[in-house]
Amino acid sequence: MEIHNRDQTKRELLKDFPGEVHEVGSTNIVVTAMDSIINWSHANSLWPLTIGTSCYAIEMMATGASRHDWERFGTEVARSAPRQADLIVIAGTIVNKMALVLKRLYDQIADSKYVIAMGACAISRGPFYYNTYSVVNGADHVNPVQTA
Amino acid sequence: MEQEQLKERILSVVPEAEFEITGGYMNATVPSAKLHDLAKNLRESEDTLFDYLFCLTGVDWPDHMTVVYHLKSTTHGHNVVLKAKIDSRENPEIDTVSDIWQTAEFHEREVFDLFGIIFRNHPDLRRIFLDDDWVGYPLRKDYVDKVNIIEL
Amino acid sequence: MNIYDFKSLTDSIHTSLSVNLSPSAVTIIEFIIIAFAFMMLFTLLGLILVYAERKIAAFFQLRLGPMRVGKWGIAQTAADAIKLILKEPLVTKNADKFLFNLAPFIIILSTFMALGAMPFAKGLHALDFDIGILYLTAVSSLGVIGILIAGWSSDNKYSLIGAMRSGAQVVSYELSVGLSLLTVVVLAGSLQFSEIIASQEAGWWIFRGHIPALIAFTIFMIAGTAETNRGPFDLPEAESELTAGFHTEYSGLKFAFFFLAEFVNMFIIAGIGATVFLGGWMPFHIGNWEGFNRIMDFIPSLFWFFGKVAFLIFLMMWFKWTFPRLRIDQLLRLEWKYLLPINLVNILFMAFIVLMGWHF
Amino acid sequence: MAETATNTNTGKPLETQEYFINMGPQHPSTHGVLRLMLTLEGETIHNVEPHLGYIHRSIEKMCEKDTYAQIIHLTDRMDYLSSHMNNEAVSLAVEQGLEVEMPERVKVIRTIISELTRLSSHQLWWGVFGMDLGAITSFLYGFRDREMIIDIFEETCGARLTMNYNVPGGLMFDIHPNFQKRTKAFVEHFRQKLPEYDQLLTGNVIFEMRTKGIGILSKEDAISFGVTGPTGRASGFSNDVRKHNPYSAYPQVEFNEVLREEGDSYARYKVRIQEMWESMSIIEQLIENIPEGDYKVKTKAVIKLPKGEYYQKVETARGEFGVYIISEGGKSPYRLKFRSPGFSNLSALNHMAKGVKIADLVVIMSTLDLVIPDIDR
């Protein structure tokens, strides 16, 4: 088995990469420490926006309720104002008329923001895949989706 | 009121009405021009008193359109289905019944939105579900959506 | 009575500073120390109270509350705070930018000013005004100006409605807070906090003041909860009606200020209530039971104060998680038609009791 | 409305201005994506104009292309809180067309599951109602006991919300062996919990101030607007389909149609609480002896309905749900119309909300118990 050195591996990996790669100096311990703190705070304090379009909204509410209780993970303070939320859970089908609203809500959320598409309808129309004239073909056609 | 009596009652207002019993309800098909008068008559007469309109919808047939009214009387407990036959598919028009039953206002907006049937004298006839700039009436049988709807 | 007196600590700081420095420099340095201490306190209060609220809410709602961020979720509020600091501060296009940015600071400022007159423990007191109560009630209601400015400058109708509600609410309930405190001032005969506390050495006013003191305490708790804009009086930010009320357009750190100020305001109201009705840092004394009183004295005054405050805060959280919200006209009717007249009669009643010497 | 203030200098009345507020589609109290255009003066509402269609998924158009078995899974997604009853409506309509009689076992199981669905829906409503009023705790209490019903459903048919359990010709599967035991245990448990629910809100001064006399709907208006379900019954409009057009096993059980005369939000609240008691009594009457027998009758793989028109109504948790099928004899309907209770109930909103405050609008909307996909379809 041929042993590649680090540069060789990198070159191979970047063979098909269309952009340019600039080498940076050694990574800074302070920056990475800060980064991990920031990531930790983002991960543990996701405030969802209260929006649910259809059936999945009930399941989302159930996630917040006593038995499942997502507050345990810090996802408690469901904000109704998009400015203060971090997370949109797209719970339900998105139709053409709602797509504009959803896009606007996404834009109104202050950075850093995350999107979860929950359920088959939001991801790829689900049961409304054909013969419907008004359903959007998955929420990622409206705004970026981190997790589906 | 029994169905036979009801039939005579409707015939006395609209002589050209046609009757049919299907699905447990008596259907009376009347020309669209006579519908409003008949509905008003049935709603206000003491012996019929159809005060509860529980379903209003449109149907798109190949050569005509119908608006279907499911009526019930909460005092007498009898039912009737009125069908208004609109001959023109290109330019369907009928009088509104929202002055008789308030619920008709929303239902007629829905029928207008999805079938394009225009209800004369309706207080606020706009699209209800679809965007205002939507082209076409999707529940019509000849509605074409090449992208989403599979034609076999 | 001399154990755990913070006065020796503060005095020693003062004297050691005065050795080398001019009096004005000493004052400035002391200001800085106090400001620093308050900032620490402020942050600490925010962290602890937010955590406490979540846990207490979870307790009422048969849940666990934050569990996964640190042991028992204690690091939860820290994570929230870091996230809020790092969040993008948005200002909407048509907002009045100067006022929009000013509003959170006014609110924070008013809470800081209120903290300044709070007697935390024996001898631990930034300022001991001779008109302490007057100052505190005046300053603690300054925050409403911030809320009004926030609502006005956001260019959002929900914010404006929330701000207007808040204005009406705080201005009305301010009367009840003031009058219910005056009831005790009649008893204590002083507006100065240290004297009010000292006057409760033989027992807290809520026990010694007969029925009028109880009535005044009840009214104070109701009006105080209303003044902090907390449920069931959280109309300015009524979530199910106005999405987020006056702070709908605020994000990031500025929103965190509003969020924090709400909790610190709660602390201030609970602090006033504890000081005036429950004896502040004064331990639980019963008349002339010398032995009992001495045992009580062994518990540090700091614990007494914060214990009482914690109890009152718990009461306020209990209100919030139990009651439905009032409507704005019902809220104002409650104040102007019930609380205020009862309060006025109550003061007369109390004055009469004091005149006749009927209180314990 | 308050008297108009006058300008002290000129003596003329001060001018007030109406303004618009957009409530929704993203708003915590619209329970989904309803959008309301409010015309306000101060906090007083002059006009409410609902804008619909933010979740209009064209289910009726899809039904014209689907087979009857496929339609079932779309009905789940309309009124997802009473999905079982929606399935039942379509199943009954198709069975009516095929002229097949269901075995007693199917009827009884359908009825029990319908009532469980009604209980879970009313529980959720109770919780959300409290939340809309500002008492967030009730939300979590409602969900706590609802989970027990959901568990029963999950065990029976594998789904928590969109059950798809009633199919034309019977049931998808037979009930789980635990079904009887767990349902009995639940009813016993809930008989103790319901008074607790009731105590949390009823009798609370603030709650009664917020609901009594708010959003009054007279009986005449309720009938004219076609407001059905608990909302209509709170106005004295006797419209319970289970009583007037009994289906499944309802003819063999004894229960009362809960009627009240006041027509305000408090009456609507009370009707729903009372209906939970009735539902529990229905379940208790049936659960002891579920008849033995088949859980479905044999139907063709692809059902073709004879030419004709079929109308079937059932009582969902929100009111009268109707299915109107026009068949041309094919495997899919020529036209299928769902008469959804929410749509008619919503039409009365403007009538009820005129002249009240914003806070009351939230209460009125909550007591109408709207499920938006049910309205938009």
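Lettered A, B, C and D in written order, each chain numbered from 1.
In this text, a residue touches a chain if its C-beta (ideal position, glycine included) is under 8 Å from a C-beta of that chain, and two chains touch if they have at least 3 such contacts.
As the structure is a prediction and not an experimental result, all values here were calculated from the model.
By the document's definition of touch, common neighbours of chain A and chain B comprise D. Seen from the Cα centre of chain D, the chain whose own Cα centre is farthest off is C. For the pair chain B and chain C, the distance between mean C-alpha positions equals 64 Å.
One inter-chain figure worth recording: chain A and chain C are separated by 39 Å, centre to centre, where each centre is the mean of the chain's CA atoms.
Remark: chain B and chain D have CA centroids separated by 25 Å (rounded to whole angstrom).
For the pair chain A and chain D, the distance between mean C-alpha positions equals 33 Å. The multi-chain contact residues of chain B, meaning those touching 2 or more other chains, are 129-131, 138, 143, 149-150. Those residues of chain C in touch with two or more other chains are numbered 61-63, 239, 243. For chain A, residues touching at least two other chains, in rising order: 66, 80, 97, 131-135.
In terms of which chains touch, the assembly is arranged in some other way, matching none of the line, ring, star or all-to-all patterns.
Residues 37-38, 40-42, 44-45, 66, 69, 71-74, 76-77, 79-81, 83-84, 86, 110-112 of chain A are the ones touching chain C in the complex. Those residues of chain D that touch chain C in the shared complex are 19, 21, 27-29, 43, 130-137, 140-141, 144, 200-201, 204, 206-207, 209-210, 357-360, 362.
Across the complex, chain A is touched by residues 54, 58, 61-69, 73, 75-76, 78-84, 86-90, 239, 243-244, 247-252, 255 of chain C. If you check the complex, the residues on chain B that touch chain A are 129-131, 138, 143, 145, 148-150. Against chain B, in their complex, chain A makes its touches with residues 96-97, 130-135.
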